[in-house]
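Letters A, B, C and D mark the chains in the order given here, with residues in each chain numbered from 1 onward.
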Amino acid sequence: MSEGQTWTTELSWAEPNRVLVRGYHLDELMGRVSFAEAIYLLFRGELPPPGIRPLLEALLVASLDHGPGAPSALAARTAASTGAALNAAIAAGVLCVNRHHGGAIEDCMLLLERTVAQKREQGKTAGEVARETVKAALAAGRRLPGFGHRVHTHDPRTARLYRLAEEAGVGGEYVEMMRALQEALREAGKDLPINVDGAIASLLCALGLPAALGNVFFIIGRVPGLAAQAYEEATTQKPMRRLDPAACRYAGPPERPLARS
Amino acid sequence: MSEGQTWTTELSWAEPNRVLVRGYHLDELMGRVSFAEAIYLLFRGELPPPGIRPLLEALLVASLDHGPGAPSALAARTAASTGAALNAAIAAGVLCVNRHHGGAIEDCMLLLERTVAQKREQGKTAGEVARETVKAALAAGRRLPGFGHRVHTHDPRTARLYRLAEEAGVGGEYVEMMRALQEALREAGKDLPINVDGAIASLLCALGLPAALGNVFFIIGRVPGLAAQAYEEATTQKPMRRLDPAACRYAGPPERPLARS
Amino acid sequence: MSEGQTWTTELSWAEPNRVLVRGYHLDELMGRVSFAEAIYLLFRGELPPPGIRPLLEALLVASLDHGPGAPSALAARTAASTGAALNAAIAAGVLCVNRHHGGAIEDCMLLLERTVAQKREQGKTAGEVARETVKAALAAGRRLPGFGHRVHTHDPRTARLYRLAEEAGVGGEYVEMMRALQEALREAGKDLPINVDGAIASLLCALGLPAALGNVFFIIGRVPGLAAQAYEEATTQKPMRRLDPAACRYAGPPERPLARS
Amino acid sequence: MSEGQTWTTELSWAEPNRVLVRGYHLDELMGRVSFAEAIYLLFRGELPPPGIRPLLEALLVASLDHGPGAPSALAARTAASTGAALNAAIAAGVLCVNRHHGGAIEDCMLLLERTVAQKREQGKTAGEVARETVKAALAAGRRLPGFGHRVHTHDPRTARLYRLAEEAGVGGEYVEMMRALQEALREAGKDLPINVDGAIASLLCALGLPAALGNVFFIIGRVPGLAAQAYEEATTQKPMRRLDPAACRYAGPPERPLARS
């Protein structure tokens, strides 16, 4: 950039006594829109239609935390265990959200963008495109992102997200394609659940987000978990211990029902 | 930790087809509590009373983004400009949230914890403690955290947070002390606004959070902003440019009213 | 990995009163090999032949520091300016060493690996392969990594590295190809210097390092610079200042000759 | 900083075809000074006296790597295992070098600065100051940094460093004080070895480095190890594996003598 030239941002602006986010005064947003809605505004440029709010909250809550064994949690705890400041421990955790941890969201979004485009352009059904995709993947020895999980066989988060999406009228072609891919995998002898990454991926596509932001949504949802893991480590454990997640036991409140509907 | 011994976590747990957060099934929380409420649950162990929800959302929305000139935004953009993955750019931004950027929340919480404890233990009024505190700070040439801002003289976020806190019946002794300190500063010739850090600090104290988590709340609120800044940089600007925030201009939607109450 | 199974490392090992690096006792290496030689040992598995030591040292010294305007230095200073610990400031800087900053080394190594392989397999001269490569790059509008620099027209580090390489008898096909590419660019009307990234790339190839480690060598060489920039920022500047590299002036020792040969 | 004003750096400077480090042309340094000497120059402002070169190299080699079980190595491997770029994995490792891992160097330097100052100012012997210091520490239940190690009872790196220091004529009051503290601990019933952190601390003090840079020197020495650990993880292991350092076995070259003196 040469001197004197200006560059622009469309996101937000701070000047004396005024902070704008996408044209709205930040103080007017406060108390009127939820944190999740404000995040949607920041990335999409407009506030979400009111009907999708429960789904939006759920998409972030789904990533909140997943126990101390997740690699990002382990890295955050390891940093905390050496005496790192909490922001540094969070950063160490965020650095572990990549292709093999959280990143399946982005890969699955790319898969859905490609297959839904094929369906549209080639005038095929979702089932046809799905069967071709699965066949090609199996022939190449590739796994499809968004299916199967190293811990869960029926991830309860997937069912819940799809129910909320149905209530919000969100999903359309992307959820259809996800289910067609699952069916095609089953026909090919691979009975795999749609994992939470796959469910999130299809719904973020349906909400119009680009694949490049898939990982970002997971990170936004998981940062509170990384922070809580690091804080618990710093305040309840001895420094520099050997952190073996296989030797960990849950000692929080016992399983309890939620008194809200 | 010797072999075979177990360590414990009270936060969350993942086992096949079941994810618990503080005793609740994560899938039951999804769609029933907001992201902000789930964050509160993770850190405090219980869901928040329903009445404080607008305040809770506002406390996070307040930190969402503050233009491209904030040091954390600059660092995230600088990393993105060199070709960093988005998670690495976010991490670079998070590493800039420290004592001098965001960290005033923690320092102000420590100040409020100390002064409110003095008030209780010494049977003094907030005004008396505040005047002693201001006198000692001025004598030592120390600034009080939570007052004054390098950009804003009347931060609109402060007024908004305090209004929402009043509506929620939250604040009590901590907001009282914050105002007593402002008054004592004014009497000493320093007419300084309560900045957004100070407002957040007093309300997080009132919500029962430890000072060590003050910075963490700011980070959770700001990560979406860091991500959006990095994504905008990566998708709209040339790599390796000289990033001069003084040459930046806001080109987003013009100022607009919010059609919600 | 299932329980009980072991995984292996070939790098180093610590057990009571014994630390091995690639089979050598670390304490025996200390004082007998230089830091640069120990780095070579760690990555290549064997100590370097004595004759290449000056070149090896120079490859790391070449990356030591490049003023406060480099994006990695800016990020490290920005973090330090907010009050980050020095290790966090260094990490923020390291996160800025990517494709567009330092990363040209890796890209250029990939280019050289590919073109030298073509030369060997197709029985062509370096010049023939270079001309084909340049033609294809220009047709596709791609720039060749390792040529041209945003600051330097004749990078003094390149000439120096190539002289040391000649003295060490290192370079061979890779330096030949680099020069053939430069010549082919010139014939095509692009008179570009081999930049320091290109010089380092060709010599790391000649030393048998994989392209994936190109960026790593730059980082190892630059970490002292990032640390020094962060430390200078933390100890000589006010916190949270606006960091404008265009307003910076060098105030170190004036230009001086080196009294060593 | 107001517009138009300049700030200064004393470290390095890049302008077209010229890169200065502390007044020297970088290309003149290349091939004439070692990487370790250039690091010394960057931090101290002058090249080291030639006699201390072996010690300087050894101080960095001492920190090179310490097996895959060090927390920083674990964090770097964890990040690499999730698919992080190598620079991000290195950053995750660097974020784990803190008070409880590597940070003892800084704490021990502070201890030595304080005790050597007491000795000078109060006209006492090292033994007297050491006994008072140990007595106060034991009374307060504090451990002295630089003594004892969780793995080594006689760290071979300590003996080697002190031998090289003797040969270089470096150490003086700081090594004397370190030994006086060890003796005072022994008299108090605590027979603890001077660990490698303590040895490095006393020698960095003797070389005139401030305590704030103790951690930095460890990081500079360890970054190659972090990089090598991350690279080995990325190239030889499956992604997202459970990283149990207790299940790791060394499979590098067997123990071998060094054919150099």
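Operating definition for what follows: a contact is a pair of C-beta atoms (placed from the backbone, for glycine too) under 8 Å apart; a residue touches a chain by one contact, two chains touch by 3 or more.
What you are looking at is a predicted structure, and each value in this text was computed from that prediction instead of being measured.
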| item | value |
| --- | --- |
| Taking each chain's C-alpha mean as its centre, the one farthest from subunit C | B |
| For subunit A paired with subunit B, centre-to-centre distance based on mean C-alpha positions, whole Å | 23 |
| Between subunit B and subunit D, centroid-to-centroid distance (C-alpha), Å | 36 |
| Where subunit B touches two or more other chains, by residue | 69, 84-85, 87-88, 91-92, 95, 97-98, 242, 244, 246 |
| Pairwise touch network: line, ring, star, complete, or other | complete |
| Contacting residues of subunit B [partner subunit C, same complex] | 69, 71-72, 74-75, 78-79, 81-84, 88-89, 91-92, 95-103, 150, 239-240, 242-246 |
| Of all residues in subunit A, those that touch subunit B in their complex | 1, 4-36, 38-39, 42-43, 45, 54-55, 57-58, 60-62, 64-70, 85-88, 90-92, 94-95, 97-98, 151-157, 159-161, 163-164, 212-213, 215-216, 219-221, 223-225, 227-229, 231-232, 234-235, 237-238, 241-242, 244, 247-258, 260-261 |
| Residues on subunit A engaged by subunit C in the complex (per definition of touch) | 84-85, 87-88, 91, 246 |
